[in-house]
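Remarks on the structure that follows.
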């Protein structure tokens, strides 16, 4: 899975059939400026750091084998410091990254 | 899914069997100069900004599991500003990107 | 699908079983110098510009689901100008790229 | 399969269903600074050099076809020298890299 | 399929179940310095230039659909000149690359 930051929703009145169940989000991969579009079964909001999976697993993650997604968000990272620590610090004890609890159909309300 | 701009149709009198249902378009990925070819079940025209999905989901998106596509357009983005905003503005409120309504078999007529 | 130019055949007396049906070609991706090897169910010759599909669709394109290919040629482009046009010209009317007719098992004879 | 170094666990109280069986680790690909997240059915600890597989094989490697992973660790490399040897030495006899024994559900205790 | 040079075996006493049938090799992609690990059903030795396939075809190539490989060697190239010829020469007649005969379960003995 790769790490992305959510940029903005992509309102999609028109999609091919099969993409109707979930909304799509414009996301930016960690360490890159290129934008991609991910299916969001979790309920993220702009600024969230998330993990998303691609390949055929993106179909599974979206809920069923026939869902035509190649990038699906599978979890929200509670804390992500995108600035790499200085080189000496990287030799030390690795910190834990905590992913907050959410159900697959959760909305945004009350998460922070 | 990744973001592409449609460049031109690719008239394909000859393809392997199984590629007969949809037409193919030469597309250029956002932020790149490299051209790829996408299957178009939606009905795009040159200049359109679209989202296309790859991997095994491209087969699903093209209509059935046996369709030999690894890049299929799944939606047309109504507005896409390819120029990145200045750095300060990126901290502000993210804007919505609207995808216009279209059915899977729609033609080009009357969309704009 | 991506765009490749055929470089040369790769005579393969020995392959794993399952690769026996089609021949393999050394191809070079458009805009790159890296060589790859594609399965050719169409019948290309060196110099041809072709479209090839990867991912799981490469198996479908090679004829059946069990064919162990991750890059299969699906069509020959009749005309491909690899030189990008000058920037002003790119704003104009896009040209059509024509793919010549060929059957999946066609040989090289008489195509040009 | 690609070679990664484990950086830290990613505590995931909340994931989509289906990701519940295994924990996830932040990993860094050999020769890169970009971080990814891998599913760990083996039992690695920070600093370990591992091999992980992607694509649809990541689902198989995680234990069953429906597991929504696109990157799964499949083995721990006992010795990996990330510094490339000087050019002359590379012409010599290649050394063996040994992967230590572990069962799929093994913990960290007593491995070193 | 991509072109790799075999670097060294990777002795794997411990792997997840399902990786037991074949050995793994450290390989380096042609034109790159990055190392990957490939499953070898053919029987290669260090220095060999090989073609390997990825994606879901790597599972097929390894012998059955459940094999968790995302990179499997499918043939040994008899002659591969990694030095690109000078630019004028590239316009000339393309040479043939010959892949030597080997069965899927062959060992190293007597091949050279």
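Letters A, B, C, D and E mark the chains in the order given here, with residues in each chain numbered from 1 onward.
Convention: a contact is a pair of C-beta atoms (placed from the backbone, for glycine too) under 8 Å apart; a residue touches a chain by one contact, two chains touch by 3 or more.
No experiment lies behind these values; they were computed from the predicted model shown.
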Chains contacting each of chain A and chain E, listed by label: D
Is it true that over half of the residue numbers where chain B touches chain C are used by both copies, so same, or is it different? different
Rounded to the nearest whole Å, what is the centre-to-centre distance of chain C and chain D, using the mean of the C-alpha atoms as each centre? 35
Using mean CA coordinates as chain centres, what's the gap between chain A and chain D in Å? 21
Going by the contact rule already set, what residues in chain D reach two or more other chains? 54-56, 58
Once the touching pairs are worked out, the chains link into a ring; list them from chain B, going toward chain C first. B, C, E, D, A
Along chain D, where are the residues that touch chain A in the complex? 7-19, 24, 26, 33-39, 46, 54-56, 58-59, 66-71
In the complex, chain D residues that touch chain E: 1-3, 30-31, 41-42, 51, 53-58, 60-61, 72, 74-77, 84, 94-104
